[in-house]
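What follows is a pair of complexes built around chain A, which joins chain B in one and chain C in the other.
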Partner chain A sequence: MMIRVRFHGRGGQGAKTASRILGTAAFNEGLNVQDSPVYGAERRGAPVAAFTRISDGEVLERGYVFDPDVVMVMDSTLLDNPTARPLDGIRRRGVLFVNSQTGSSFHGIQTARPDIRVATFDLTGEALSLVGKAVISSATAAAAARIIGLVTDGSLEKAIRSELEELGLNDELIEKNVTLGRKVFASLEPVELSTDEYFVRSGLVPFELIMGERTGTEEITSAGNSNAVKTGSWRIFKPIIDYNKCTACMVCFAYCPESALTLRGDYKPVIDEDNCKGCLICYRECPPKAITLEKEVREF
Partner chain B sequence: MLQGMPSQGYYTRKGGEGVLSGSTLMTGNLAAAWGARLAGVDYVPAYPITPQTEIIETIAKWVRLGQMKGKLVQMDSEHSMLTAAGSASLSGARVFTATSSQGLLYGLEMLYNISGWRAPILLVNVSRGLAAPITLEPDHNDVLAARDSGFLQFHAETCQEVLDLILLGYRVAEDRSVLLPAIVNLDGFYLSFTREKVELPKMDTVSTFLPEYDPPAPLRATKPVSHGATVLSGNLYSYFRYRMHAASLEASEVFRKASAEYGGLFGREYEATEGYMLQDAEYVIVMSNSFTTIGKQVVAKLRERGVAAGLLKLRMLRPFPFDDVAKSLAGRRAVAVFDQNLSPGFGGILYPEILASLYHKKNRPQFVLPVVGGLGGKQLTVQELERVFESLRNGPPTFPDRPDPMYLMREDEFDRAKRNIAIASGGG
Partner chain C sequence: MTVEQQTRFRTLKDIPTPDYMSPGGSLCAGCGGLLAVRLFHKVLGPNLVWVNAAGCLTVMVNYPYVPLKSNWLYTAFASAPAGAQGVRDAFDILIQKGKIPAEEDVKVVVLTGDGGAYDIGLQSTSGAMYRNLDFYYLCYDNQAYGNTGFQVSSATPIGSATATTPPTPSEPGGNMFKRKDLFEIWRAHKPPYIATLSSSFAVDFLRKVEKGSKMKGPKLFISLAGCPTGWGYDPRETIREEKLAVDTGIWPLKEAVNGEVKHTYLPRALKPVEEYLSTQARYEHLFRPTKRTEVIRMIQNDVNNYWKMVSKDENVEIRLVGE
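Entry: the complex of A and B
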C-alpha cells in the first residue's frame, strides 16, 4: 500500500506545513512516511507544491509526485496555472480536492476526467472564522487525512500541535488550528482509494535535437521579462485605492517593492493588477489609510 | 519529544540532551546537524548558502539553547570558513562545517590546504547545480569539483545515511593511518528538505564509537609546531602527495573495519558500494546519491516483469572502491553508468572511473552505457530509467564502436523549456 498526496498552494498558505502535518500524523500511526516540498526561490504567493508519501512498506520514491492518489489544491486559482499544473497525472479513481469559496462543482474538470472524484470545502472561509487568518495548513492536512482515511483524529491533532509548535506558534493559535482541523476532519468523508496509474508517457529527446538547436538559446539575454510572469495571480487580498481619501503623498509608490504602482497625472497611484503580488505593504504604509483590502475570489 | 519531531521510539522532549534517541521523521539537513551534535564537535565555522543553511541554523539554535557544547562562528566567506576549519582542526578540535555549490567552489583552494595539513575536518556538502545559469536544485558537479582535493568522499542516498556517514566519516578521517578530511554529500531538496524516518543513535554509544579526537601534533602556544611547510622541491612534494594518496587508499580498509563496528553498535553496516538485486543480474545501473532510490524502484519493477536488472550504488567516491566495483560489475551482460553531472566536452565524470575499474577484468561487460541525467535537479522518472534498461537489453546500436551516450530529457520537458525560453526572450 502506498498513498501519494500532492499539495498545491501558494507561498505562505502552508502547503509545506500541511504535507508535514499529514506526514507526522501518518507516522504517528506507525506508517512509513516521506514528505518534501518544492518551491524554488522562496516567494510569498508563488506556486508551491509539497508531497506526502505514506506506505506500510518501503518508500522507493523521491522528489516530485507525478502520479498522486490525492491532489489537494489549496487555492483554486492554481487549477489552470501553467507552472503548477495540479491536474497532471492524478491516478484513475483518484481524488481532487479544491479549497473553494464559490460552491462550484468543477464541471469542466469532471468532464475532462470523469474517473476522478472531486471534493470541495471552503477551508479559507473556515480558517478566517476560526483562526482569523487565511493560513490553511492544518485545515488542508485535516482534509487530506480524512480523505485518505488512514489517520485518526487523535493522531491528526497531535501532529497539528507538534508541527505548529516547531514553527513557534503560540498556544492560543495552535489550539485554534486544532479546532479548525477537527472541524474540517468531521466535515469530510474518507474515500476508497483503489487507484490505477494514469500517465501520459513522454518519449526522450534525442541529443541530436539539442545539439541541432540553432535559435540563439545559449543564454537568456533579454531584459525586463519578469513582467511576462503575471504575478497578480499570487494575491490573496487585493489593495483598493480610495481616491477621495488619497492625498497623493506617494508613500505607497516609494514602498512598492515590485514597481506595481505607477503615478497618474495628479500623482495619485494606479495599481498594475497583472503584477501586484498582494504583499500589502502599500496598505500598511498609507498615511491617510486610503487603501482597503478585498479578498480575491477567482475560480477556474 | 523535541519540537515538531514525531516519534515511534523513546525520543524524549526538552532538556533531554544525551538521552535523545529512537526513530523520528527528519530532513537530511536535520540529520546532518544531528550528526555534528552526536559527534560532539568542538567548533563550527559557518557561512550560509541555500540549500545548506538549515544545518547551520539548527546547530546555532542548539548552541544557543545550551544543548550542544561546541562553538559556532559565522565567518565572512566560505574561504575564511574553511581556513578557520582547517586551522582549528590542527589545534586538536573536532571541526564540522557545511556548504553547497558556489560556496564549495569559493572555498576550493583551502580544501587542498586542509588535506595537505592532514587536518581531519568533516565538511557536509549539500549538492546544488553550479551557476550559470543559476539554480537551487542538485547535481554533483559541485562535490565532484572537490574530487581530487584529497578529501575522502561519502555520498548519501537517505537521511539515515547522512547521519551515519558523518559519524563514520569522523572515525575514518581521524584514524592515525588516514588523517585526511572528509566530505559527506547529500542532495539539496531530494534529501536536504525531505523528511523520512531516521534512527537516532544514543549519545553515549556514539561516544564509545567515536572517542575524542587525538591529534598527532596539536598546535599549542607552549609547544610550537609548523604545518603546510614550503618544500620548493619536486621530490619532497611528490613524497608528501604520494603519502596522502597512500593514506586515502588506506581509508578503504579503515572504513570497512569501522563500519563493521558501527553495525555491531547501531545495527546498520555500510560498505563502500551497495548492491541492490545484484545477484544474477545481467543488466546493472550504477548510481549514487538520492536518485538511487528511484533506480531501486525501477529495478524492483523490472524484476517483477522477469528482467534480470540490478543496481550498484557508489557510497564512497574517494578512495574509489575499484575492487568492489570490478567484483560487482564483472560478468554482467551490460552496465549503465548514471552520471548526475556533466563535464562539457567529455560527458559524465564517473563513467571513466567505472571503465577504469573494469578494463583489466577478463569478463568485463561488453557494453557500458554512459547516461547523464538529473542536472540541476531535473526530475528523474521511472520511464526514463526503463528506457536506459531497454537500451542495455537491446545492446549498443553502434557496437563495437563507442556507445552513444544518453542525455536524459523528456519531450514534454524539452517543449516546456523551449516555451519558457521563448516567453523570456520575447517578453510575452
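Entry: the complex of A and C
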C-alpha cells in the first residue's frame, strides 16, 4: 500500500509545512514516509507544490508525484492555473480536496472526471478566525490526514507541535494551530482510498479547464506584458476605494510597489483588480482611510 | 538657489504620473525593492537600460512576462557594472559613428541587491567608479540574500536572524557582524554623487535621483528595501517599517556631492531602536523568550554614536535615546 498526496498552494500558505506535518503524523503511526517541496524562482503568492508519500512498505519512488491518490488544493484559484495544473494525473477514484469557502460542488471538474471524489472545506476562513493568519499548513495537513484515514488525531497533534516548533513558532501560535488542526480533523470524513494503478495523463483533463485564455506571440513580445499574468489571484483581501472619501492625495499611488494603481482625470486612483496583489500598503497608508477591505471570494 | 527652486519635486503630488512598469511581476506582495525601482524609473523616464545583477529583482521577470517597459540586461552576480560599461560604450560608439541619432541615447542603470553591491559585485563596482563610467547604480538593500531564502550578507545588521545566522545557544543574538559601510566605501572612490534613499521619504527619494541625473560620471544610490518575507512583517507595513528605520536613526538619509556629505533629513529626536526591532520576526529572538538587552543596547549605542558624529559635523542638535 502506498498513498501519494500532492499539495498545491501559494508561497506563504504553508504547502511545504503541510506535507511535512502529514508525513510526520503518519510516521508517528509507524508508517514509512517521504516528503518534499518544489518551487520555482517565484515568491510568496506564486504556485508551489509539495508531496508526501506514505507506505507500509519501503518508499522507493522519488521526486514529483505525477499520479497522486489525493490532491490538496490550498487555493481554489490554482485549479485553472497553467503552472500549477493540480488536476493532472489524479488516479482513478482519487480524491480532490479544495480549500474553498463557496460550497461549490466543482461541477466542471466532476463532469470531466466523474470518478474523482471532491471534498471541500473553508480552511482559510477557519485559520483567520482561530489563528488570525491566512497560513493553513496545519489545517491542510489535518484535512489530508483525515481524508486518508491512517492517522489518529493524537499523532496529528504531536506532528503539528513538533514541526511548528522546529520552525521556531512561539507556543501561543503553536497551540492555536493545534486547535485549528483539531477542528478541521473533526469536521471532515475519511474517504475510502481504493485507487488503482491506472492514472490519467493531463490530456484527459479538458484543455480549456486548465489553460484559460491563450497567449499569443504578440503578447509575448510586447514590453511590460506581465499584466497578462493576472496576479490578482494572489490576494486574500481586496482594497476598495470610497471615492466620496478619497481626497486625491496620491499617497496610495506613490506607494503601490506593483504599479497597480492608475490615476483618473481627477487624480483619484483606480485599482487594477486583475493584477493588484493585495499587499494592502494603499489601505494602510491612505490618510483619510478612504480604502476598505473585502475578503476575496472566488468561484471556480 | 534654494533646494526648492532646484527641483521639480516639492510635494508627493509632484510624483510623475507615468509608470514604466506593469503590474503582474513575480515578486512578493509589498516588496520594498520593487517600489524603489518603480520610483527610480519615474524620475529617469522611459529611456533606460537596466543592467541587473542576479538577485531578488531579476525574478520580477518570468519569461515571457516582463513588467519593465524599458530595456533589461541580466548579468551574473559579480558583473553588472562591467555589463553597464559595455552598454555605455556601445551607445557612445554608435552615436559617434552616426549609426544612431543622439536622441536615441539611453541612461544605463545597474540594478543590484545588497548581496551584489556589498559582497559579490564590489570589485566590479569599484572598477566602474575608477573608470569614471557615466552610469547610475541602484542597490536595493534588503539586508540579506533574499532571493535564495534570506541568508546573511555583509549588509545584514547586527542582531538579525537569517537562514544562515539563526539564534543558537552559542550565538543567541543572531548575526554578530556589523554591516559594511558601503556609502563610505563608495565615497573613497570620489564619484560625483552618492545618496541613500527610502521610498517612505518619497520626495527626498525623487529629488536625489533628479539631482544625480544632472551629473556626469558614476551616480550611486542605496535604497532601503523593506522585505516582508525576509524581515518577517505583514506586507502592508513596508512603508511604516522603512519610515521607522529612518526615524530611529538606523537608516540615515544623506548624500555626498563630490565627496561632501550632507544629511537630507535630520530627526530632531531619535526614536528608540526597540520600536523598530520589535516589529520584525528577524529580531524576535531579541525579545522572546527572554529580552536580550545587551544586543539591543549595542544596536542603540551604534546608532547614538553615528548621530553624535553627525551632530558635530553638521552642527545640529539631535536628541539621542538613553543619553
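By our rule, the second predicted complex is superposed on the first by the 272 of 300 C-alpha atoms of A that agree within 3 Å, B and C clash if a C-alpha of one lies under 4 Å from a C-alpha of the other, contacts with A are read in each partner's own complex, and residues count from 1 in each chain.
Going forward, a contact is a pair of C-beta atoms (placed from the backbone, for glycine too) under 8 Å apart; a residue touches a chain by one contact, two chains touch by 3 or more.
If you're wondering where the values come from, they're calculated on a predicted model, not measured in any experiment.
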item: First, second, both or neither for A:Pro114, with chain B first and chain C second; value: neither
item: Partner chain in contact with A:Gly103 - chain B first, chain C second, else both or neither; value: neither
item: Which superposed partner A:Lys277 touches (first chain B, second chain C, both, neither); value: second
item: Partner chain(s) touched by A:Ala260 [first = chain B, second = chain C, both, neither]; value: second
item: Which of chain B and chain C A:Asn227 touches, first, second, both or neither; value: both
item: A:Gly45 touches, of chain B and chain C: first, second, both or neither?; value: second
item: First (chain B), second (chain C), both or neither touched by A:Pro287; value: neither
item: Which of chain B and chain C A:Glu61 touches, first, second, both or neither; value: first
item: Which of chain B and chain C A:Asn170 touches, first, second, both or neither; value: second
item: Chain A residues contacted in one complex by chain B, in the other by chain C; value: 41, 219-221, 224-225, 227-228
item: Chain A - residues contacting chain B, complex; value: 20, 23-24, 27-28, 30, 32-38, 40-41, 59-64, 66, 159, 162-163, 165-167, 199-205, 207, 209-210, 217, 219-222, 224-225, 227-228
item: Contacting residues of chain B [partner chain A, same complex]; value: 1, 3-6, 8, 25, 132-133, 136, 189-190, 193-197, 290-291, 293-294, 296-297, 300, 377, 379-381, 383-384, 387, 404-414, 418, 421, 423-428
item: Footprint of chain A on chain C - complex, ascending; value: 12-13, 15, 17, 19-32, 34-35, 38-39, 59-62, 64-70, 147, 166, 199, 202, 228-229, 234-240, 288
item: Parts of chain A lying in touch with chain C, wherever the complex brings them together; value: 11-12, 41-46, 168, 170, 215, 219-221, 223-231, 234, 249-251, 253-260, 262-263, 272, 275-281, 283-285
